[in-house]
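Residue numbering begins at 1 within each chain, and the chains themselves are lettered A, B, C and D in the order written.
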Amino acid sequence: MGTGPIAVTLLDRYRAVRSLTEALVYGLSDADATVQSMEDTSPTKWHLAHVTWFWETFILRDNVPGYDPFNNQYAFLFNSYYEAEGPRHARPKRGLITRPSLEWVIRYRHFVDEHIEAAFESLPPEALVLFELGLNHEQQHQELLLTDIKHLFAQNPLKPELWPGDSDRYTSSETPMEWVRGREGVVQIGHDGQGFAFDCEGPRHDVVLTPHALASRPVTNAEWIEFIADGGYQKPEYWLSDGWAWVQQESIIAPLYWEEVRPGRWWSFQLNGMHPLDAHAPVTHISLYEADAYACWAGCRLPTEAEWESAAQDMAPDNPPNGGGLLSSDGMVRPYDAPYDTAALKQMFGSVWEWTGSAYRPYPGFRAAPGAVGEYNGKFMSGQFVLRGGSCATPRGHMRSTYRNFFYPHQRWQFTGLRLARDC
Amino acid sequence: MGTGPIAVTLLDRYRAVRSLTEALVYGLSDADATVQSMEDTSPTKWHLAHVTWFWETFILRDNVPGYDPFNNQYAFLFNSYYEAEGPRHARPKRGLITRPSLEWVIRYRHFVDEHIEAAFESLPPEALVLFELGLNHEQQHQELLLTDIKHLFAQNPLKPELWPGDSDRYTSSETPMEWVRGREGVVQIGHDGQGFAFDCEGPRHDVVLTPHALASRPVTNAEWIEFIADGGYQKPEYWLSDGWAWVQQESIIAPLYWEEVRPGRWWSFQLNGMHPLDAHAPVTHISLYEADAYACWAGCRLPTEAEWESAAQDMAPDNPPNGGGLLSSDGMVRPYDAPYDTAALKQMFGSVWEWTGSAYRPYPGFRAAPGAVGEYNGKFMSGQFVLRGGSCATPRGHMRSTYRNFFYPHQRWQFTGLRLARDC
Amino acid sequence: MGTGPIAVTLLDRYRAVRSLTEALVYGLSDADATVQSMEDTSPTKWHLAHVTWFWETFILRDNVPGYDPFNNQYAFLFNSYYEAEGPRHARPKRGLITRPSLEWVIRYRHFVDEHIEAAFESLPPEALVLFELGLNHEQQHQELLLTDIKHLFAQNPLKPELWPGDSDRYTSSETPMEWVRGREGVVQIGHDGQGFAFDCEGPRHDVVLTPHALASRPVTNAEWIEFIADGGYQKPEYWLSDGWAWVQQESIIAPLYWEEVRPGRWWSFQLNGMHPLDAHAPVTHISLYEADAYACWAGCRLPTEAEWESAAQDMAPDNPPNGGGLLSSDGMVRPYDAPYDTAALKQMFGSVWEWTGSAYRPYPGFRAAPGAVGEYNGKFMSGQFVLRGGSCATPRGHMRSTYRNFFYPHQRWQFTGLRLARDC
Amino acid sequence: MGTGPIAVTLLDRYRAVRSLTEALVYGLSDADATVQSMEDTSPTKWHLAHVTWFWETFILRDNVPGYDPFNNQYAFLFNSYYEAEGPRHARPKRGLITRPSLEWVIRYRHFVDEHIEAAFESLPPEALVLFELGLNHEQQHQELLLTDIKHLFAQNPLKPELWPGDSDRYTSSETPMEWVRGREGVVQIGHDGQGFAFDCEGPRHDVVLTPHALASRPVTNAEWIEFIADGGYQKPEYWLSDGWAWVQQESIIAPLYWEEVRPGRWWSFQLNGMHPLDAHAPVTHISLYEADAYACWAGCRLPTEAEWESAAQDMAPDNPPNGGGLLSSDGMVRPYDAPYDTAALKQMFGSVWEWTGSAYRPYPGFRAAPGAVGEYNGKFMSGQFVLRGGSCATPRGHMRSTYRNFFYPHQRWQFTGLRLARDC
């Protein structure tokens, strides 16, 4: 009966994760929760229901005899991309689903919660692997939910605030950037199978690192403004060819959500509305193209994911001295400056996802799991780049040094940033 | 002082129109009222606020000294297309405005209502012309509001019902189609300036009619099914060149909202959900391209707007024997069969807008009014076709024989239909 | 046997038309003749072959027993839009057909010419109607061929010259614009069936004209420059709504082929290369949207096609005092100034096609002919506007007062211009 | 003076490369050489002129005092993507340049050839590095020229033949596929700087290989037909997510240029026209998406570029026993079957470019060269995958084991194929 102490912990964690999700949407109206602001984002309501569908399908339907779904049409509405689970509502049309209402989706959540509670003790041991996956899956959607609602609110000329915030009263201070030498030669990276990890994080394997150094902290807003002032967005020599085409076609002149209120004076949209930029906080909402161009302009390069992971291996991601893991507290969701971080490599976790120069491809020996769950990661391994660390919107308990986040190089509505690297 | 009995009537009509608008949205959630289902449609909330902005701007702002707008940003959000009134929120992004909420928009309506009531007696006579325009403008948006919400609900796989309906219990009966000869030679059409009309309805002028006849009733669903069964959508010889390109590119095989549940058995989506087609009701939700192709298949043609108006000149649009004007009652909004209509030309008003073969162009002597209101009609006079009559969603009191409705030839989310014509 | 004197004339005209076509392409390379510069245009080679396919199909194949086509695949390659004639090569891909070569297409022409000569005496009388249509069809393509090659050459940064020209040595002089009052009341327009006309030009029918006047000459380049200088392209109040969207989306700031070499100093591309604008020549290469905006700016309107035709009824189009009909001579193909035109209404034929305010729709009683030839005109009767007159690129013998040319309102690669009208 | 024996060899090679380029276009008409069949391809004429512009710019202009360009506008027309060299003609419009003619472009080539011959002895040593680059650059365009003209001819319904060929008389025979074990642990890959290589091929560096095996030969047409027959193109489980979207959107059902003439019987378009597939020749004209899906279907994976290079390190690419290097002989340009290749790993060079599973990213320590030439490779390092080996269209002398070719994962108009790999 593998449902001993670990299983109890699992159920406690289930309750915590589920309840944090609902806490995050506190204050959202039915309309806020329904609208989809672009193809890349999803409505809040969809996030709330989709993670619930995941629990319902892979835990209840597959393991609880006689389980009767809350609504048979929800599988069609709330499956994201699992081809093996049958047809589904087209992604760009998620925002047209005004019914069920937010209230009804919450009822769906509670219905599934009750059945999970009732069934938990009787779940077969093999279901617990999926249970753990379900927890991590929901945590991923907690972050997406926040970045998606931020994107929606930013489209509204009224610039509504999701939360009241402290941006204005806070005075940030500068932390000088230093170079921190990394390990060299053959090192090991990748997850070793102890504890939970997504399939793409393993197997653990050898890689060779050449002499290099990493910046002691991410690039800041103040530094980014220098890049802009130096014509960074106008000079093709800094840009990847695809990036230059993107800059020109989309008329990109600054990170997402930035607005130049007076010449040289920038504000940005945050979850608590428009505020002046925090000069010494990490720059965020930049694409890989922008990160790469900045690094080129600075005479540096992006770190590889192996360099990053090797440097982060011994850190404890859940106790960042400043910022991060905020989703379990009640502060503002945005990156902060670094002065209280006493590590040599500051803000590796919990500030911004850091773009690496590594394309998202399988590790040696990677095999996707069989069945629908096997679609989780492997099929996305083309055209995307790896990001490492974890942002101010990543839930506590969800970060680790082997974590491989990934996005397309033009995407920037996540809390993305960069840390410079250089050869030695 | 022009504010005698007529003005009192105007205020009564104001109250009636405003209150019907709110009655129409009864039962809609904040989310329903927020989402935009395609570029051609607008959110319910936008309709509610836009018509209110029209009152606020052209009546209160321009005529009431010291009037302080409800919210200075609403002019940006809720101006539709009046270039002279300054910049405005991009049309395709109307669905991203989750705030203000539906509740708040209703407050905006009531705020303006109170100021209109207070200011009414003191309005200068010249404002009353705009007041009348405001009434008609809001009535137009009542119809759009219904067709737009219908379009949104139809996108939802759950096919929600806005209203409970009677479609299934009602048995329709066939009315044979007969040819009714029209007037010939020089006739007059166009509005003569007595009573309200939109600027594009005049001036009244002579036109020449050649010998012709009009069908005694619109084409029915049963007849349309024959067209489909005969391969109407597969044979280019019936179609305008642009229409054939549209059919192929959009994979059009039937009117909008039709679904073939079994071979040859069609249902359609209505404001009360999916129902079997009413065989003898007028076909609706067809484009001009489809109307023209059907007429060609039937060896006939579409009427010109002059033929239509000449035939309708003496009719009383507000008392259709069956169907129509329904927006002031509590029945279902859909076209019905014709048996109770005893006129020679049945269902000329209140069933479906009838596509004519006339392009929407100015009448001889037409001049747009100066100022923002001059943008009301004239600038849309290219690429569109005239529709005549009025549909089951047109408010009572809003139909007249000179009315010129207009849409692009591919558009079909309105209650559009056709009446055949032929040369004699 | 209807092949008496008229038929002899027909054959002479056949020889003249066919030989003019080949004269027009003198000096074009195989590459010039092959490339398609945009979807609206066709390669020279395609024009040469398509008109020949028309002769081969509707005269030889249908009337000459045992006729063996030059190449069975040519029907697929060179059918333009006749659905009844079977599938055909996609229009946007006409420019990919590098084989057959120009030389081979000329051989195809001569092959068909020889068979037409041999068969002519034996053609049945009913074929002569199509023969006449074939002549007019080829004349239409002569004009398209010139406007299409002009468009192609204009895309080339080297701005090649098709012909040497006289633009620079010619000094144009101003002709004052006067108003010429038109006929009023019931007048007749449309072709009466005497001599050749396209099906859409009839039937002849009554229309009512309201009091109006036409400008004595088209709008000139010098006048257009005033419109530009007055911000005409920046002010939405002059524009149709669709036109304003077009101006903004396409960044339109001047007629097609214009280039501002120094502030306020404009050159334009012609068939003999880049030259300074001829100040007093009619403006050309403008869209309906631009024509309408100019008229609005000038406080006037466009003429209706009935007004235009009524005024032109008694003119002899083939003897314009200055310019026009040039395709049978050896001068430059461009509109000239008006001083030698002594008519009250100058340059009605042979300078520029004049946009009218009339949508291209069927006349009362119009019926398309049965069979493939019936696709000639009727199916294009949506979304387009009528142009009247004839341009400097219209062949002598191809202009008449009833001629209805038509294009979409955004198109402007033809020699299009405008003549103002106003109500009286 | 560095122009001793090596320099003599360089000039001989210059003559050989330049003359092969012209031999390849023998038989093309001016029209064939002018048209661009899609955005990814370029016209033959453009290739001929662009490589010449490269010589003219980086050798003559930069090293020969007083050199006067053949035509000052050619730099605008024929620069490909070197931002540092100034503005240039838009890539998608290369096919609109009907002038200069093919004949004139050949004159341009000879003009530059004469100046190179005259200047060669006096070139400074540092120019010889660029000279070597110029040779390799022109060889790259020789291959592109062939694949581009193939693409153009394939669009023509007449399916013209560039060359007469031997496809039908040749009987291919099957070579069984075997697994060949690769090296393990730390190995070195990358160019060591001895002899010419593109900048992206270095620096030489250590990598770690895990236990694996490579297939003894590429996947064949016969094997690919099994994949099709098994529903490979219909089952999402084999496909990368981006690949599945591409398959559906583009309606992909087979490799490029394949046509199913009867059920299960496939022909393909080659440079000598349409022919039945050679069953045992390597499959070609497949995208990375297709290669990856096939590997997944076969229970295998793609090799990494390090695995491939490590296995190829000791091979002599210029003497493939069968096929390859054909561009210096007079045979057909297409991949052949493998029976005469006696190596354990057959057809590593000269048959098809083999897709690897490696994204095209910089090697550790890579730095782009300064100046325009630095744009050669580095800026393309996002979104593309590495291909290794060399195809039947790669010129003799241009293949080596360190060569990193790269294309986007959906592109397949090159001679692309795949070799399976698996973990051991």
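Throughout what follows, contacts are C-beta pairs under 8 Å (C-beta built on N, C-alpha and C of every residue); 3 or more make two chains touch, one makes a residue touch a chain.
Just so we're on the same page, UniProt names per chain: A, B, C, D = Ergothioneine biosynthesis protein EgtB.
Only a predicted model underlies this, so the values are computations on that prediction, with no experimental measurement involved.
Chains touching both chain B and chain C: none. Ranking all chains by how far their C-alpha centres lie from the centre of chain B, first place goes to D. Chain centres here are Cα averages; for chain A and chain D they lie 38 Å apart.
Centroids built from CA atoms put chain D at 59 Å from chain B.
Between chain C and chain D, the centres computed from C-alpha atoms are 47 Å apart.
Shared contact sites, meaning residues of chain A that touch two or more other chains, are absent. In terms of inter-chain touching, the protein chains here make up one closed cycle, each touching precisely two others. Chains touching one another, given as pairs, are A-B, A-D, B-C, C-D.
Across the interface of their complex, chain A is touched by residues 29-35, 37, 73, 76-77, 89, 93, 95-102, 152-153, 155-158, 160 of chain B.
Here chain D touches chain A in the complex through residues 81, 83-84, 186, 205-208, 210, 236-237, 239-244, 288-289, 292, 301, 304, 357-359, 361-362, 364-365, 379-383, 385, 409, 423, going by the rule given at the top.
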